[in-house]
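What follows is a set of structures for review.
In what follows, chain A forms one complex with chain B and a second complex with chain C.
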Partner chain A sequence: MNLFSPYTLPEVLIFLLKGLRMTLFIAGISIGLSFVFGAILGIGRQMGKGIFHKICALYIECVRNMPLLLYILAFRFTMPTYIGNYKIQNKPVASAILAMTVFTSAMVAEIIRGGLNSIPKGQWEAAASQGFTRSQTLIHIILPQAVRNILVPMVGQFVTCIKDTSFCAVVGIGELMMNTTIIMGKFKFADQVIVLYAITAFIYYLINILLMHVSQRLFKKPC
Partner chain B sequence: MKKIIAIGAMALLSAVALFANGTTETAPKTEVDKIKARGVFTVGCKEDVPNFGYKNIQTGKVEGFEIDLANKIGEKILGPNPKIDFVGVTAKTRGPLLDTGELDAVVATFTVTDERRKSWDFSDIYYVDSVAVMVKKSNGFKSFKDLDGKTIGVAQSSTTKKSLEAEAQKEGITLKYSEFATYPEIKVALDSGRIDAFSVDLSILAGYMEDSCMLLPERFAPQQYGAAVKKGNAALLKVINDTIEELKASGELDKMQENWHLK
Partner chain C sequence: MFRLWMWQELFAHFDIFLSGFAKTILISVLALLLTFAIGILVGLLRVSGKKAVKTICQGYISFFQNTPLVVQVFFFYNVLPRLGIMLSPFILGCISLGLYTGAFAASIVEAAIQAVPIGQMEAAASQGFPFLTAMRLIILPQALKIAMPPMANQSVNLIKNSSVLALIAGGELMYRSDSFAADASIYGPTFIVVGVLYLIICLPLSTYARNMEERLKKGAAK
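Take a look at the complex of A and B:
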């Protein structure tokens, strides 16, 4: 029996890699946006004052305590499809990226806040004594040190983000998990499905292990 | 802090509600006119049900009997070679996506029931199926009655469980159920012995037949597939019904089903 009947192994792999491309596309954009929003939120919560601090804190607490799947479904079903008489195609991928960004940026914010917290208070005082303003201290002294501290949890969060894109299969986006399901549609035997799942699992593993190693190499600077 | 969280939650909810309301439209034009103006007919279809709606992994395009039918409906509205946007749906998403207005119609192995008629408008029936039960030959079940006390694998949000329950009561047996998100998962559960039988509509079940399995002789609860549109969308419903009627009259509907091994 051909293990991939009615398909061949190359056909299966190509289709899975197409799914991987979508996975990386969604994850990549979400990670990039989350990093920017997360930094603003994290710094805002740690150092902001008044209403800005409250908004950041509220956002982080609200988002962090609700499951990602809820956001993916909510954005998929509630993004506007009509404005006036014009139909705006609700691009499923766009809604998924938005949902992932909303969710991941709250996680990134907490990681960044943790990094800022890890810098001893004395650093602020020392900088102040040298005539640095608060923002100068943050940019030139605190952040460079904090970045080193948050590197590991940050890469971990990005790995989580790549894995989390598998939730997008629930709303029918053709990423790695969804494409696995589609291939499975024509499989009749348990062995076939188990092998297919193993291949998919291996692809996720490979990508994430690669990401870890590359990031470790890049940031392993002598100091 | 509690107050802030409460206000925040309310703001979040109202924002969501606002988005949802944003989808209602007020223009006097019918839905069909709007599709014509847009030039694109948006249809929800299955992507993982071979022969009905299935994504061809070589071409990346969906194909099947229901896709052909949707194309015919599209032709009726937009003329030859219509532009149709096929959106992959599941039993969970097809209803909400109709309600939000993202989909004009759903042609996705949607069994018509009285309960569902309250939420959406259904077209005439384009395919009649029945529920059947698949078991492993090695288990030695010969009829539905033999399944007394056994576990049946069914799909989530499907009508199968209800029809099985009715039939079981008639036969005076009790059944246990295990629900799965996708059909392949049920087949795997059957192979691995986690369930004793796999039950879904016959045409879908046929896609999973192989040598170690057999179908029990009983067929019950005719399942009628219809296309669905948003409640009150009479204009589009009429076009769909006209299309189905014409296809039935000319015998083309049967031919389309034969093409996809459904007859």
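Take a look at the complex of A and C:
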């Protein structure tokens, strides 16, 4: 008996893995970009002065408190097709990556701020007494200590980012969730659908558990 | 995006947004109650249950934390009717949101109970408190204080995640506004208004969470 009756299991799996490739592509690029922007925003909020600090704080608070789905839809529908004379290639994917980046960088910024906050104030004062400038203190003294407190929640946020790419199915990007839904339309029996979703859930689960496990192994606090 | 007629049209149909907003709040409150129930129950079981129970709870937590909410919602949405269980998207949304956030709440509660010094439990036992009474009267009130800020953060996540119901026609804010935007082809203003509406509920909660956190940290430093 064939479980996925119009198709065979390898065919279904290959289709799902194609979706997974898109999921990882979107997640990977947004994670990379949002790490950079998040770091700038987080440090800007913690140490910046004047208008820069205010802008960072406003951005983080606004973005953090709105749902990701809103960003995905908003960027999908309001992003221009042309910038000047240049046509944006593959607009749905580009808009999804942009939305994910905007959202995740606010979360990353918050994690970095928390990590910087966890370092006692005395460290700043001690460094200042030794003649370090603020940015020198940050780079040589604060960040190396804060990294331990930052990395584990950061990987947690990246796991969330991978999970959240499933929201992109709403705008019809062929990532893992969308491909699952497409195949599901061909099946009529409950057990087929259950197995299909189980496979999809298991793929996500495997990737995320792996990430979590590796991060906890690598960055374990010395006891 | 900034043409006047768009805004006029939008505010002429503002009741759409309000009804969606009300539904979002209702769903969030119901799902939050479920989340608290699951969180406390599973968290307690994780701390004090038998080994097999602990493993089951751990499985629940890790599975629901590491698979996307969208997959879970779609699973319930597509599979349950085929098994003969018909639920309205509203109830389905409450249940799946509760289960998803409950997994996070459970690990928060677990960590909070473990953060209470073990001497408290031993002292209670030495005074003849049965386990559950000691939990209820001595450990949980202290743990609750530690668990409050991350719980508030999870509540914010829950409210934001309730937008996932837009995918299964749940009729909440995101769904109503998205269909309004598509009907009237007024995209920019709609998304701005929706964002502000979400901000109205989420911002106080997350600010509260941050203040609590800072106060707890100061208390610990003293």
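Going forward, the second predicted complex is superposed on the first by the 206 of 223 C-alpha atoms of A that agree within 3 Å, B and C clash if a C-alpha of one lies under 4 Å from a C-alpha of the other, contacts with A are read in each partner's own complex, and residues count from 1 in each chain.
The definition used in the following text is that contacts are C-beta pairs under 8 Å (C-beta built on N, C-alpha and C of every residue); 3 or more make two chains touch, one makes a residue touch a chain.
Fair warning: this is a prediction, and the values are worked out from it, not measured in the lab.
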### Task
Using the superposition on chain A, decide if chain B and chain C clash or fit.
clash
### Query
Who does A:Lys186 touch here: chain B (first), chain C (second), both, or neither?
first
### Task
Considering only touches as defined above, state whether A:Phe167 meets chain B (first), chain C (second), both or neither.
second
### Task
Quick one: classify A:Thr78 as touching chain B (first), chain C (second), both or neither.
both
### Message
Is A:Thr200 touching anything from chain B or chain C once the two structures are fitted on A? First, second, both or neither.
### Response
second
### Task
Would you sort A:Leu70 into first (chain B), second (chain C), both or neither based on which partner it touches?
second
### Query
Touch check for A:Pro92: first (chain B), second (chain C), both, or neither?
first
### Query
First (chain B), second (chain C), both or neither: which does A:Gln145 touch?
neither
### Query
Does chain B (first) or chain C (second) touch A:Asn208, or do both, or does neither?
second
### Clash-bearing segment of chain C, relative to chain B, as chosen among 75-83, 111-119 or 147-155
75-83
#### Entry: Where chain A meets both chain C and chain B, residue numbers
61-62, 74, 77-78, 170, 181, 184, 189-190, 193-194
### Message
Give the list of chain C residues in touch with chain A in this complex.
### Response
1, 62-63, 66-72, 74-75, 78-79, 82-83, 156, 160-164, 166-167, 174, 178, 181, 187-188, 191, 194-195, 198-199, 202-203, 206-207
### Task
Would you mind writing out the residues of chain A in touch with chain C in their complex?
61-62, 64-70, 73-74, 77-78, 159, 163-167, 169-170, 177, 180-181, 184, 189-190, 193-194, 197, 200-201, 204-205, 208-209, 212
#### Entry: List of chain A residues in touch with chain B within their complex
7, 11-12, 14-15, 18, 54, 58, 61-62, 74, 76-85, 87, 89-90, 92, 170-172, 174, 178-179, 181-190, 193-194
### In the complex with chain A, residue positions of chain B that touch it
4-5, 8-9, 12, 16, 19-20, 22-25, 27, 29, 34, 38, 42, 47-50, 54-55, 57-58, 60, 85, 87-90, 92-93, 96-97, 100-102, 182-185, 187-188, 191-192, 207-210
